[in-house]
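Following: one structure in structure tokens, then a few remarks.
Chain lettering (A, B, C and D) follows the sequence in which the chains are written, and residue indices restart at 1 in each chain.
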Amino acid sequence: MSVKGTTALVRLASNPGCEILGAMILEPGSEKRFYERVVGEPYDREFGERQSSKRRGAQFEQNAYAGDARLLREAFASHLGLAPDDVVVRNLLDDFPGTKDDARIARLSITRTLLKDAREGKPAPHIIIQPQLMLPTKPGPKPYFFVAPDLLILSPQNDVYLPGDLKSFVVRENELSKGDLARVRLQLGAQLLALMHEYDRFDKTAIIPASGMLVFSKPNGLAPHAPRIEDVAGGVEAIRIGIAAFLRHRQRVNDLRAGAEPYTVVADLQPHFQDSCLNTCVMAQWCRQRVAEAAGDLGDVAGRVLGDMELSRAFGLMTGDIEPADDHERLIARHLVDLAEQHSIERAA
Amino acid sequence: MSEEIDIEALKLQEAALQRQLAELREKLAKAEKGKSRASEGGRPLRAMVLDLLAEAGYPLNSLLLASLMRPLRGRDIPSTRFGTLSNDEMKSYDSSRPRPVYLCHCLTYDQGQAVKRFWARSDWPLASRIMGPMSGRILFLRGAAWTITLARAVDRGERSADNPEILNYVAADQARDAGLAVKRGEFPYDDWLAEIHMTIERFGDEDRATREKSAELLSAHLSDRDQLFGSRQPLVSLPGSSAAWRSAVE
Amino acid sequence: MNAFDDTLHRVLARYHGRAIPVRTSSQLSPDPDVTIGIATIKIVTEEQIQAIAFGELDQEPQVIVRLDPIGRDVQDLEPFAAFLGDTVVRAAAVDSALRLWVPHSVTLEALDVLGHRYWRNQTAPASIVRMGEICRIIAHEAIIPGQQLVADAAALLQDHVVTGLAPLEEGHLGAILAWLDPTVSDPVAEARERIRLPASGVLPNTPDCHWDDTIDRLRKEMKGAHGARRHLLEDQIAHILRRAVLREWNLLIEGRRAFLDLGLPSSLSGLVKDSNQRVRDALDNGFFPARSPKRLVEQLNVMEAGQEKSELAALEADAMLRDQAARAGGVVRGEVSTVRQNKPGFKPCDIEVSSDQGIIRFRLDDKVRIVGTNVAGVVRGLATAPGGGTRVCIEITSGVRTRNVLTAGARVELIREPYAFINYRSLGEAHTQQPWAFYSDSAPVLPSRPSSGQSALAIARAMRR
Amino acid sequence: MTFPLRTRRNLADQVLDAAIEHALFGSAPVSIVKSPPGAGKTFLVECAAAVAVTPPAGMRVVIVTPGVSQLYDIARRLLQYRLPRLELAHAQHRVLPSDLVGRINASNGWNQNLNSGPGVIVTNAHLLAANFHHLGPNAFDLMILDEAYQLAAGDYLQIAYMAPRTLMVGDPGQLHPVNSADTTNLEASPHKIHWSAPAYVLDRFSNTPVHGLPVTRRLLPDTSDLVQAAFYRDLPFQSVVEPSERRLRFHIPGLERGLDDALDAIAAGKSLVAITLPGAAPMHEEADLELSDLIACIADRVLLRQAEWIGERVLSEEDIACIEPHVIAGGAIRDGLRQRGRAGIQVDTVERWQGLQMPVSVVRHPLSLPNVPTAFDLEAGRWCVSLSRHQIGCIVVAREAVHGVIDDYVHGCDTVAAGARDTTWAGFEAHRMIWNALRDQGRVFAL
């Protein structure tokens, strides 16, 4: 699994301060290989999407697109204010199947034509399946990100499209983990920003509402839920911040590497370890070493409360072996001593 | 600790299984090769696709073609195979030795670009190879109807299939995709067909009109070659030249 | 607990190499007579259960491994369905509450998905449909604050202790347990090593333990296999799944033991009664998800009432929580300075409580209670003392005979009485009346009424005194 | 009064007339009046009640308030009218405020003699619901929901059938009903019964008549423009306050730079200013004691400098509001005031200030916190209430770190349920707009 396209943008938005992530995005090949080249050891943890997830994702899409996207037509009909049979669908995988760049570029070209047609009031499909968008980060290496929403849906209010994504994971009523919610909204944010760039190319007056749509799976089989309309203004802004950070990281990596591969300069880059990295990044353990034995090792909150205080110093303040250096330390020492006292009493009791 | 030991044991058994699997796959591959030769006389994919198209009388989607090859001809066709088929066909058209009929693609009604997943024959009128806004639906329904007809013919003993049971399931899948009621193990071919034809009739005329109108325009503008394989895509300029990044929302 | 206190607890835990309790009472009532455990292994994203371990917690569990969990055949679930059905009947027979222990919330989600798939499945046997219904009842009850049916070992430990890990790492039950096991000398290293393998009801899939990929491959091969080879493949799948689900089961057992070993007292009879009543009604009358406006309001009210009751029950039972609440004025600590009771042991009885607290969250006419007693009353006066502190005047409405606190000089702690009232009769009436705004898809058109044509402002002006 | 102000007031009066005409005599069973802060919605309720009880209408009117304090306030206002009947019903255990005793027919609980013939009864939703068996369908001819955006749809369900006509009056930009339980699943339901009553009705019946009151009679133009742009994008309104009637003068000149500069800026006509304290809030305390003390100091200083509302009065403790989102910090402010002999200055949470107004407010900036801001801190309604209580001047008090908190904020996208409007982001945008405006207009005074 490589850190490319929307995945890269979402990761950047989630941790804009991490230069290591910037290098990882610039490095060709998989994230795991990046780790192995930096650390010099095989990665010993789970990596990549599970087979069952890939299979379900593929089946969910296949079902949704089958029969001229019958299930999608039914799901979006009320949103579009049409009968399912009257919803017009264009599946760009029919025009140009495949995941190679030439296929993406061909689909990008068709997508651009369709966006323009809709704006000009020409006949255009209500749902575009597998469109292709592009988010420029020019100039410099990796001058653009390919962004491919699963769908574009014509907004019934005006003549612009909104991005939509199919999520094969089961949603019973409306329960989603915070992590999943943030990820999918940032994905929509990236798609929306890319869409804004596409419109910006030919029509600066187009007003694109800051929302996107998500279609989750019901618990029974692969049936899609009614689409959720997501308010992603915050996601779009987070992605913009992530891109701006990427441009800074790219500059820094390029200044350091002098033509060498990005992974070679990792030691000189500034990681920005946060708890969530443990769930999302292969480099998490490596970056965490930088905060090992310091308060940050107890989590993000502890890192903020105690700053970069060494744990040994905190222990010393508690036992009285270390004299507090300032009021802040004095207060911490006092509370720690009280807490230790309280719990030793409880233990005795 | 006991878990590690157990994992080791599992790995050994796993290796043994992999060996058995490799042998089995070898046997299977040989068997299938022999079988397909026997059933098809080793006919190339191109010929089989041309036949199926001729039999259907409508453009067919490569996904449907692939799912029909197995029950009808006992052949597993990887989807990438159709990509090479398309390229081969263009090459052969450009070569000095013309062929009586070519495999070609449907064309979009507005731009005349190839819709690569939809296959047709060069000896069909252009209008039948055009994709209008609703043609995707109509062609899907026609393909579904044709699949169900095939399954019915096999069921009635009017034609043979390499694997009739799978053919029935392919037909049932098509019916399900068309939104028809499908019960496990039941194949009401005629009911399915009746419902599908009703929907086709609903959109058929408008679609035909769009295609015929577009065919007139495209035949006037497109070269013979482009009428088969589609007009060239407009060039897409990739970024890299502009001075600095600017967000569209700024 | 605020960020600062939480951090200091983590420092202390790291220093001592053991978990530090943050509660002095339990959010969970003692296990009732009928207490069972369930652990599951699901297929990632598919959410289909592929192995279940279930049974009494002091016995070896029954284990079901599913060779084809995505297939339509549900025969293999019959023993689990029978077990759930029997457990429910047994609890009813001995009039016992039910308690289900699970290692973590993922097990509950897996059961809920199982419920969604079968509770209305017309092609499945009745026993499986009932199993689905019971699963939905369990999962539904589990979302109600203060419920006492489901005990989630990981969540309970996270709520009652703090370790020397980052909070995110405490999501791994095995990792918390490392901090509660005296035989573990280096809980940081041990916990982080344990985290390499998931404790979330799924198969591990690390380079040194790629069970998930193996099972996936074995299942593919099994499709085309027959005879002895098929049996070999089946044994392989069963062996891996059994080991994985027993690993989850053992986590559950250890988690429960660790929680019970904290030895925290609890007094939650009100919550137990409510929870038991809800579960019993659903088991007797069937599960009906809330869809109508009336049912939705009832459900929201039940959850809000549960939240309020459980917070107050925790406050009443837990001095550590009362310390925190007193800082925010949710609890008022003070001394009874005056008692006005003409006839001892009888109403009318008013008391005044003097507190040093500057912050109190009571308002006039709030219903309050004296912690640890049966004395309740209504706030009739609030006055700030000149040197800080507050004087609260309370009209006692019940417990007027409780001398020990209705005496000048008695130290008392006051908390607000939970409102937690759900007006089922009023909601029922609303449902009968079917007000259009909630029950109709179109608004009625009223006959316009004749107006005087005069400006409202003019009319109002004319009526002003 | 200037011509434009008069024109705006006339327009507002026309909207008020039209809203009441529609609600009482039109064909729509529910009509909604959206009111910005200080637009005179209580006055609208008074007028509606007056018209409703007067022939030819002669209606039995029930005015429902979300809380008991609003109930007593409305009763006080209606006592100024000669109504054929004015009654009040509150819960059994409540005691009528002394100023109402003997002036109004008050009932603990419901009794059969109430609501007879044209007139008005003021009560709350729970009491009506509890007495449904005495009331039944159409027990009233008109139901007026005051502060309707604070009434949960679930509570409205239980009383909706009691009147054929309902007039909902409320402020859509302020705090909505609070749900302590998790409402994630309800967000996916076709019935958003956890929303406020007007929001629920508009979600189901988007063509429900809505009247927007186009003015504020409380906020001065500079505050009004900012508050409207930040919190009321769908409700255009303008100030009709005559600045010359809202001038503040300090009899004692200020000496302290920063602090007094901010107060002088208010005297110079800037009705919204901010004061920042260096650094960030300390991580280790539940309240930023230094900041709390500064808030107390500012409130005290307004009085020390003998602030006078020109043409009205010299301000006293009753004229100053201290608004603090967190209870514990509120306690610290109270201590600071007590130490300064200003125990009479009221300090309370935002929730308690909703619906009230004061000449001067001192407000703690919700993002002046040591942590990354939470959904609670960013909640737009709470900030809107804080910034719209003052008739003359509002002083926002913050740590300097607020600049960074706002500049560096990256939205987490995980605070609201799937499909829900992202109120956290909307709140942040409002915060950013307000703070940047204060900064750009030179209204932030650093200590």
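Definition applied: contacts are C-beta pairs under 8 Å (C-beta built on N, C-alpha and C of every residue); 3 or more make two chains touch, one makes a residue touch a chain.
Everything numeric in this text was worked out from a predicted model, so none of it was measured.
Set against one another, A-C and A-D show the most C-beta pairs in contact at A-C. Ranking every chain by how far its Cα centroid lies from the centroid of chain A, the top place goes to D.
Centre-to-centre separation of chain A and chain C, using mean CA positions: 31 Å. In terms of their C-alpha centroids, the spacing between chain B and chain C amounts to 52 Å.
Computed from the mean C-alpha positions, the centre of chain B lies at a distance of 64 Å from the centre of chain D. Chain A and chain D have CA centres that are 38 Å apart. Chain contacts: chain B has no residue touching two or more partner chains.
Residues of chain A found to touch two or more other chains are 175, 301, 304-305, 332, 335.
Among all residues of chain D, those that touch two or more other chains are 283-284, 370-371.
Residue ranges of chain A in contact with chain B, taken from their complex: 66-68, 70, 85, 88-91, 93-98, 105-106, 108-110, 112-113, 117, 123, 125, 134, 136-139, 143-144, 193, 196-197, 199-200, 236, 240, 243, 247. Per the touch definition, chain C reaches chain D in the complex via residues 2-4, 143, 145, 291-294, 296-297, 300-301, 303-304, 306-308, 327-329, 358-359, 361, 364-365, 367, 378, 380, 384, 386, 388, 397, 423, 425-427, 429-430, 433-438, 442-452, 455-457, 459-460, 463-465. On chain D, the positions that touch chain A within their shared complex are 184-185, 187-188, 282-284, 370-372, 410-414, 417-422, 424-425, 428-429.
Per the touch definition, chain D reaches chain C in the complex via residues 13, 16-17, 20-21, 24-30, 46-48, 50-51, 54-57, 68, 80-83, 91, 93-95, 126, 129-130, 132-133, 137, 154, 156-158, 160-161, 164-165, 179-183, 186, 189, 191, 193-194, 200-201, 204-205, 207-208, 283-286, 327-328, 330-331, 334-335, 338, 343, 370-371. Those residues of chain A lying in contact with chain D across their complex are 13, 16, 171, 173-176, 178-179, 181-182, 185-186, 189, 214, 216, 228-235, 237-238, 241, 301, 304-305, 328, 331-332, 335.
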